[in-house]
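Multiple structures are listed underneath, in structure tokens.
First chain A sits with chain B, and in the next complex the same chain sits with chain C.
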Partner chain A sequence: MTAPLKSCKTAADGLQLLNVSKTFDQTEVLHDIDLTVAPGEVLALVGPSGAGKTTLCRIIAGLETPSSGQCYMNGTDMTAMPPGDRRVAMMFESYALYPHLSVGDNVRSPLLARAKGGLPPTAGQHIEQLLAVLEIAHLSDRLPSELSGGQKQRTALARALIQNPNALLLDEPISHLDAKLRHKLRGEIRQILNARPHPTIWSTPDGLEGLSVGDRIAVLIAGRIEQIGTPEDIWLRPASVKVARLFGDPPMNILPGELQDGQGRIDFHCRSMTMTLPPALAASAKAIKGRAAFLGLRPNGLTLHRGDDQSAIATTVYSIESFGKYAIVTLITPPGDLIKLKTADVQDLKLGDDVGVRYASDQLLLFDGTTGRAAYVYS
Partner chain B sequence: MEQKSSIGLGLRTAAAVICALIVLFPVLWMVAMVFKPADVMFARPTVFFYTPTLANFAYVIEQGFVNNLITSLALGIFSTILVVIIGTPAAYSFARFELKAKEDLFLFILASRMAPPVCLVIPFYLIYAKVGLLDTFVGLSLAYMTFNLSFYVWVLRSFCRDLPVELEEAAILEGWSKAQVFRRIVFPLLRNGIVATSVLCFIFAWNEFLFAFMLGGDSVQPLPVAIPKLITAQGVRWGEVAVVGVVSLIPVLAVVVLLQRHIVRGLTMGAVKG
Partner chain C sequence: MTAVEFQSVSKRYSAETPLAVANLNLLCREGELLALLGPSGCGKSSTLKMAAGLEDLTEGEILFGGRPVSALSAGRRNIAMVFEDYCLYPNLTIEDNIAFPLSVRGVDKNERRQRVGDVLAMLGLHDIAKRKVTDLSGGAQQRVAIGRAMVRDPDLILFDEPLSHLDGDQRIHLRAEISRLQKTRGITSILVTHDQNEATAMADRIAIMKGGVLQQVDTPARLYARPANTFVANFIGEPPMNLFPGEIGDDAGRITIPMLGEDIVIGDERRHAFAARRHSGLTLGLRPEHLIVEAAGDGAERQANAVVTYREPRGDADSLVLRILRDTSTMVAELAGPCTFRTGDKVRLRVPAANTNLFDSESGVNLEFDT
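== the complex of A and B ==
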């Protein structure tokens, strides 16, 4: 899924970035970004804050010029095109609603801008329909200052969607809403986007949000694309430790250690435990044996084990966060590594209990200790 | 408890009334003088009950003070309009665009306000005498404009800076031209700031004496310059002075009352984000 992207330099349709870099005052904010978003596709741009997500959106919109590289829209180079001519709709993180215009006028604004000699007679109906779909039709006469966060967000979305754009950029569209609303809108917006013919970029710092809304995910960390792939790719086969840390709730446990060459096998050794790699992992880890490595343990791939067991990692219960149906248990190993696991089985578990942790051998991930890149090839 | 707080409220109200009276006393005194006949003007003991007279008004009108009033109004309005037309784009540019030596230029603009006016009136006089602007309405308006422009640009720039750039960017992306963005988005949002600042400019022009005295000559005489005409060989005509004083309060009060909504919003805009 990741490999062909760089080679398809002549994609006729959709949005394409080639070798885009951006430098502000000698600080490189974006480094050599290659990205293609097909018509109708939603690409989730996931990265921690400060990774360059907003800058990337602004470059696509034309609000920033790239220091090098090109942007193509449906095969046309639009790198030097003024922002107003690109027909790229962007929803700003701050929503950027015009405070002196009503909801209806905010949404009407982009249509007015492009209408030569007045709005077409169908425009009013078109706006009403969209507002109805977004459940803000009754707020049409209100000013933005009279709206709640979720209503502002819907208005900003309506203003972007009404434009029938060449590409839609949603810059952290639901980050500032409360968890319940975020959950609701995530599904709703995705539903609306399903029927849309244009490429969409949805930027978010939340890995899970990215996984749930994106047809594909591009992971942007410190201005570089770490990985592009389907949600499954990203989840099952993170390309680096950084990617692995970004996805999952709670994030994956990463133990630093080194690979030791045993007789006919490879052992991962760290201060908390020594473990013989399962054969599949050992085969792909050969290249880095004898070197530093990170072992990734998924919180939901771990099980608690009470009682004496040589194969389990010895730990003590450090904290228990109960979420009703499941709990996140933080365990501490004698040398002081923290391991989080997600389990439904926390009855009569108390702080300070000595417990063992077992891992499913097909849930292990291994990363090169120097580069942080994945050191496994799972089929 | 309730009783205590109502006593507190009474005390606070009384304190506020006393403060207001102290501040307003000279104004009230002046208002009282307006209808007083000359013989009881300074009578001791003070005469509180007298037959009100309009003689003071009659004299003032007879002396042509209506013209001075019109001159004052026209000067204030015209110079303020000039300031708004020139200063608004300037302030916006200083807030938004990359300019060479922007901060230096900006400080230079403010510096033109730092010198005491009396230092500038002589160069103004000499230059105006050369170019024929002495004793002209346009000349005096331009002089007020140069003074107010620096103040206006300085204040309005901070209003411009408070506008999120993203609003303009969103409009640009929608396909509006830069001029349309200014007219549709920037100007309406700056309106409160523009009104509040230009009212202050108007008041400055309205009250100005020195430049009007030096540069206006006999042909352009706003009210502050005309008032000394009431110091006559027979003595100061206090009743008439009071009439002119009270009348000259009215336009400023009217402007403030009519535009209060904008002024209050404008003056607090930086502090309270909507």
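== the complex of A and C ==
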């Protein structure tokens, strides 16, 4: 089955998906995906587990056939091409290492499969360098059964990175590493990819990892692309409540409420507070058809105030987590909404203290309460 | 409430292997949540198991409220444990899971109802108390497990990697919740984790271990600002602290940073503090968010001493990897995000003296650290 093309224009270079959908047993897991990844670009595919990230990668690799739509590589339709002809390297989240081969031989295996008449003399050195960057050089002679989960994952990653493919697919490549190594390796892998001519897709459930590694980010939720943009776009202007909830530690606070027209102003009213919208937000509120709205408050756009303050949201301190560099304070409003705030200094704050929360008006976002889509006025 | 004290505790698993825990002296104060943190093999899990009574001590003693417990079996120590995989009874309701430790101890029905009711209220689970635990998300199941641990008012709760089975947002939520519940009940608790973020978020104090040896025990803020040595400096904080060489100038209040072509003045008070100590050479430590990054060029006016080689955006903060022009070493800076610097930009780096830590180059010991 072939769906009609939305447009016949295909990218001459790189990877392109047009109207790709996939249905398993009458359940649609991918819906009308349009995506391009340019040569040399890293596209971070961010979505919660079950969003369809792995299925999308498997379709590009040729391991699944789309129910409708096309995949193009450098302008050539490869939708019906067998996986072996696509030269797409995929790192599986399940690793798929050869159990009878050592770490070194696992990494060497894709090169051997393509080499006619032996490996080039530099191959051994490349493999060594790559294993060293991934901190598994000392494990080169071990079998996969002798490795921890994180070591297996790095072996699979090395086996994907050693190739010179048409496209590289990294499906949650560092998810099983401990936090320290994850922070370190994501930058180093990203810098290896900087020198590569092929398009790369890097899938992850971690929004911050996506912001860190992607030239652009595609947010996939429940089989649909919610937003595609640069890290700045996604961070500053999330397209929907769903996107806003995926990014940030802690993510943006989202309060459900309704818009009320006052005299020459618009108020946002919810069970925890009523706020007169600042002019920029009042302008974007006009894009919301109904009265229902969500207000987004960034944790780093909020400040604490003691004492009587009419302009502040009345709250009680619910929990304090201090990180050295900053602290996250969770506050509870009398009706029971939790609001998280990120601050450099908690001083003598204690659980149960009554405090007011003020917000910077340029750190507020407004979303349509019915659709969840952001209400922005683009100037 | 009970203080827990480790007195000269050592653990050796076999004659061929090194000590898993070496002469540990550590106090977990009454009502405190103390985290044991370190890379794998550091001895944190062995320490937790000895407190629980699941492993014998090779040497030393553990005291609960001043009483030695090493001769007591796990069941007689009045402790509760929370594991990473919840360990709830799947065919029981939320309420019955929480009531279970009271039922097996024969606590009478009225008191049981009262105490289970208090815990349900604290967890905010009153309305769904009759539901099967298998209907709950992982995060909610772990809250039930915590409620079950707290209901019988143990002397000590041991948390063993309580968040490691959870997804990102549930983890962030439960992290705050554990810290709140522990504070509310004031039960002395020890938490084992390999994740510094979890430890700093939840713990009152953190004990950092490495190779069986305690490195430092302190509040998260103190560990971050004044690490006892370069291992702790590197282990706590993300990205890690910059460590780079410095030379003490003729006037001992002045320190030269050759790679940056910069001098800093640390002032008389600090000069006296570290001048009194023997040291082999000076390593400076500076947190990435304290490194000052200014736009610069080739001219004499604000001449560049580094170039941006990589920018990593992380929403409200960006980190920059910087190559030092003079010796091609690297430093990392963290700026409020999104920042305007890009890869290839030439910059001038400056080191604010007040935020520096001074370490001995050879031993890695913080020269201004008083134990």
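For this structure, a couple of remarks:
Just so it is clear, the second predicted complex is superposed on the first by the 339 of 379 C-alpha atoms of A that agree within 3 Å, B and C clash if a C-alpha of one lies under 4 Å from a C-alpha of the other, contacts with A are read in each partner's own complex, and residues count from 1 in each chain.
Definition applied: a contact is a pair of C-beta atoms (placed from the backbone, for glycine too) under 8 Å apart; a residue touches a chain by one contact, two chains touch by 3 or more.
None of the values given here were measured: they were computed from a predicted structure.
After superposition on chain A, the partners chain B and chain C are accommodated together without colliding. In the superposition on chain A, A:Pro256 makes contact with neither chain B nor chain C.
Judged by the touch definition given at the top, the superposed model places A:Leu236 against chain C, while chain B stays out of reach. Legend: residue contacts after superposition of the two complexes on their common chain; A:Leu211 is shown touching chain C, with no touch to chain B. Taking chain B and chain C in turn and counting the residues of chain A each one touches, the greater count comes from C. Of the two partner chains, chain B is the only one touched by A:Ser145; chain C is not.
By the document's definition of touching, neither partner reaches A:Gly40: not chain B, not chain C. In the superposed model, the angle subtended at the C-alpha centre of chain A by the C-alpha centres of chain B and chain C comes to 80 degrees, rounded to the nearest 10. In the superposition on chain A, A:Gly69 contacts neither chain B nor chain C.
Think of it this way: put the two complexes on top of each other by chain A, and the tightest Cα contact between chain B and chain C is 14 Å.
Taken in their complex, chain A has these residues touching chain C: 48-49, 178-180, 183, 186-187, 190-191, 205-208, 211-212, 231-232, 235-236, 245, 247-251, 298, 300, 318-325, 328, 330, 340, 342, 351. Note for the complex: chain B touches chain A at residues 164, 166-167, 169-177, 180, 184-185, 188-189, 274. Put simply, chain C touches chain A in their complex at residues 39, 167-169, 172, 175-177, 179-180, 183-184, 194-197, 200-202, 219-221, 223-225, 235-239, 287, 289, 309-310, 312-316, 321, 337-338.
On chain A, the positions that touch chain B within their shared complex are 61-63, 83-90, 92, 94, 96, 98-100, 109-110, 113-114, 145, 159, 163.
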